[in-house]
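Paired with chain B in one complex and with chain C in the other, chain A is shared by the two complexes that follow.
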Partner chain A sequence: MEIFEFAFMRKAFLVGILLAVIIPCIGVIVVFKRLSMIGDALSHTSLAGVAAGLIGNINPVVGAMIACTGAAFGIEAIRKKIPRYAEMSIAIMMSAGVGLAGILSGFVPNAAGFNSFLFGSIVAISDFELKLVVTVSIIVAGCFLLFYKELCYIAFDENSARLSGVPVDLVNFIFTLLTAVTVSVAARTVGALMVSSLMVVPVACSLQVAKSYRQTVCWSITFAVLSTGVGLFVAYYRGLKPGGTIVLTGVLLLFLLFFIKAVVKKFRRNASKMVGTQAT
Partner chain B sequence: MKKQIIPILSSIVAVILMAGCGTATLSSSADSSSLSSQTAEPSQSPEDANKLNIYTSFYPMYDFTVKVGGDKVNVTNLVPAGTEPHDWEPSTTDLANLEKADVLVYSGAGMEHWVDKVVGSLTNKDLVTVEASKGITLQEGHHHDEEETDQDEDEHEEESAYDPHVWISIRNAKAEMENIKNALVQADPDNTAYYEENYAGYAKKFDELDQKFTDQLSALPNKTIVVAHEAFGYLCSDYGLTQMGIEGLSADSEPDPARMAEIIRFARDNNVKTIFFEELVSPKTAEAIASEIGVKTDMLNPLEGLTEEQLAAGEDYLSVMEKNLATLVASLKE
Partner chain C sequence: MKQLLSIQDLCFAYDKEIILDHVNAEIMDGDFVGVIGSNGTGKSTLIRLLLGQLRPVSGKITILGTPVGQFREWPKIGYVPQVGGDAHREFPATAKEIVTLSEFSDIRFMRMPRRRHIDKAVQALKAVEMGDYQNRQLSALSGGQFQRVMIAKALVNEPKLLILDEPTSGIDAHSKKILFRLLKNLNQQGITILMVTHDIKETGQYVNRFLELKDQTICEVRIGEC
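Moving on to the complex of A and B:
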């Protein structure tokens, strides 16, 4: 096929599918914890890390990871202080991150360097970034499978998980770390927009069809891979920007599911009415 | 009631105090920035008082003005070193400075989308504005990307009909310098002879460099360059080259895969050996394309700005263009 003739498109599909597998895994937990916006908050905070890295002559990717990790733990800490308004912790961390990035960017010696860390694009991925994404994907997928049950417990109800002997603090710690690393790597590679939407939109789609936790996870991954694949195809053949196309494909999919669900519901109601009239 | 008012009042007082500190630091930062561009505020020393106070929009304008004005003028560049000028906008400090300025030099042709708005909002009625590209025949921009997702699309639409990168042609650069010279003469007739002399000296150097470009480039077999954004149109038409831009006329947007595929095919068909990127724009897309075809990347400077290191090393329009020539020759001779 013509689209696979180019190495950059093959890389885009590989990275896109890997991220479409691991980001929704994190997304499911994040959504159940009422922290849907965490992807946004972390990717914005990672900018502060990039700026600090460029100023302090550390590798900016490392800087981004450190900042993301700090922000993720910051969100956890604030969330514990005000558990009933969990989403507030994200807004607070995001403001802090954006503010810090704004101030630090003024001290970055070469704005061009900063720019190149701001915007990732799925069709311009270097070999280093490819390796990074593959490594992170393996680690995240491994941990997710290893702590599958524990994460499920915690996602639904932290307190009863703790009571039934789940090492909540340890699992939360690992999960927070994984989220931070994934977001910092993915935001740099494919752009913050794709990260924050892959974290939530496929999960929203999946909630329309899934009937259990396991199904939610599986459907989320399926929808994420589907919208990434379709998005890349459409972007290539219609000459559109890939990031935006992938995200919009996901949102359209969600609307389509809403629509189908409504139609099915109506049809069923009509059908049961018919059955009812026939019976009498 | 009283108890509640006290903390509110005290916080208001604190804010006012801090605002005072804020202005103090602002002016000191303005001082340091003008120091870095080797100028001083006119109010600081009496001997500077009768010098023209000139603000320029971005680097080539700054360089040309310094070349003509020499030590008879104070020149400050608005776009800081290392910043891409396409999406730059003036800060409130810049506006305050412009209120006190004598001359504002900008390139025009749609490059500085903020100029009309800013000049219209100033109360400084004595400000002489110089559109340096005036009188230069503009080329139409190549519009391969109609679906360009620019936030300021509406502002862009009317202006980007023309390619704003006029200074990249040495002949146009000389014309821009002449426009600047004429404006300086008009604003400060006492030093006419000085400005004319400076202009004539540099005009000769520009002519020599132009001749060098003609000599070296006309001999080369390959005439096609692939560049990060289409900033080299005027240079290309001077010497019979063709440019293929990864991005259109403005520098920053996500590449679309169809365009990338098109460029890769084009580069393969036309035996392109180098994909050029720019100093002030991320090289990621250029690198992805180059690794696809198996060629190298190299830097071609569209002179939209220099980094602080380059300024410290004493680089200017002429020296950067010399380097561009060497880069072009190295890539096109194969």
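Moving on to the complex of A and C:
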């Protein structure tokens, strides 16, 4: 296939699929902890790190990682102070991140470099960034498998998990770290403005078909990989921006699932009505 | 009879608002106790104190002979929390997956459940007559069925004491009856039960005694007097 003749596209597919595996793993927990917007807050804060990196002449992805980690722990700390309004912690950190990114962006020498982080540039991944994505993916996937039941229990009910002996604080700490690292790496590829959709949309899709927690995780990954693959193909052959195409593919997939589910429901209702009429 | 839980001179306050003032009570092995009281009298606060989630201002709570702060055998205490809202019920797991999670202390940290853990979870679900629903998602269960899954989750570790915080809130009269009968059966099998409830009339025929929280203190009320 012509698309795979180019090294940059092969790299894009590798990075895209790796991220499509790990982002929904984080997304599943984030969604069920009722913190869906955390991806948005972290990715926006990552822009402050990107700007700081560009100003200080260090790799912007590393800058984004540092900013994201700080923001993630900031959110956790604020969440503990006001547990009843957990989502407020996200809004506070997002405002702070955007504010800081806004100020710092004024000092960035190369505005084009900064803008590439807004909408991502998966086809312009450097070798260093590729290695970073591979390393982060192995760590995140490994930790997700190791803490699979602990994360599930905490997402279901943190108090009960604590009572059963789950080291909730330790697991939350590790998960926060993984979220921050994943978001900052993903911001480079799909763009800071779209990371959260890649975190939430596949989970929303999986909820339309999954019948258990395990299936929810598996379907989320499947839908993310599918929308990334299709998105990259469409972007290449239609000359579109890959980040936006991947996200829109995911959203279209979700609408398609809504439609199919509605049709199936209607068909089943009609079928049961017919059975009822025949019985009488 | 062996003492399972004891509360001595317990005082608790939120800031300056006194909730519990020199409360004393004890729960014996095999008891089935209903904790009653109007809204805001501190029933759920008392449960959180018993579970070590809140620290008393003064006084002492001992569970199975150990002060609650040093108590580490929490799997021996089955806890069914009050279900406020649909957050738990919308979680995409099946009944079996949720009950298995409760076996954490046996499965251990960073390990996956084995066949015997899953079999035990199925047994617990069968004990609450939910065996046929083991692979059903929580969101597809009725309020009463969901509460029975939560009881199975508390029972899977074979607890000595079962603490329930308003287990019948938001469920219909028929499901309540099934739930209370189930709890009575469990009590007759030797499980001690402490249950916060508003359903005084319905629970009267199942519990052994009531403890009423009133005016920041607790007193025993004979069945039929409340």
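A few notes on this one:
The criterion applied here is as follows: the second predicted complex is superposed on the first by the 251 of 280 C-alpha atoms of A that agree within 3 Å, B and C clash if a C-alpha of one lies under 4 Å from a C-alpha of the other, contacts with A are read in each partner's own complex, and residues count from 1 in each chain.
In the analysis below, contacts are C-beta pairs under 8 Å (C-beta built on N, C-alpha and C of every residue); 3 or more make two chains touch, one makes a residue touch a chain.
Keep in mind it's a predicted model, so treat the numbers as computed, not measured.
Legend: residue contacts after superposition of the two complexes on their common chain; A:Ser164 is shown touching chain C, with no touch to chain B. In the superposed model, A:Phe8 makes contact with chain B only, not with chain C. Of the two partner chains placed around the shared chain by superposition, neither chain B nor chain C is touched by A:Asn57. In the superposition on chain A, A:Ile125 makes contact with chain B only, while chain C stays out of contact range. By the touch criterion stated above, A:Phe147 is placed in contact with chain C alone, chain B being left untouched. Of the two partner chains, chain B is the only one that A:Arg238 touches; chain C does not reach it.
Residue contacts after overlaying the shared chain place A:Thr277 against neither chain B nor chain C.
Across the two superposed structures, the residue set of chain A contacted by chain B and also by chain C is empty. Those residues of chain C lying in contact with chain A across their complex are 51, 53, 74-75, 77, 79, 81, 87-88, 91-94, 97-98, 100-102, 104-105, 107, 109-110, 112-113, 135, 137, 153. Within the complex formed with chain C, the residues of chain A that make contact are 32, 34, 146-150, 152-153, 155-157, 159-161, 163-167, 207, 210-216. By the touch criterion given at the top, residues 5-9, 12, 109-112, 115-116, 119-121, 123-127, 191, 232, 235-244 of chain A touch chain B in their complex.
If you check the complex, the residues on chain B that touch chain A are 80, 82-84, 147, 149, 252-261, 264, 279-285, 287-289, 291-292, 307-308.
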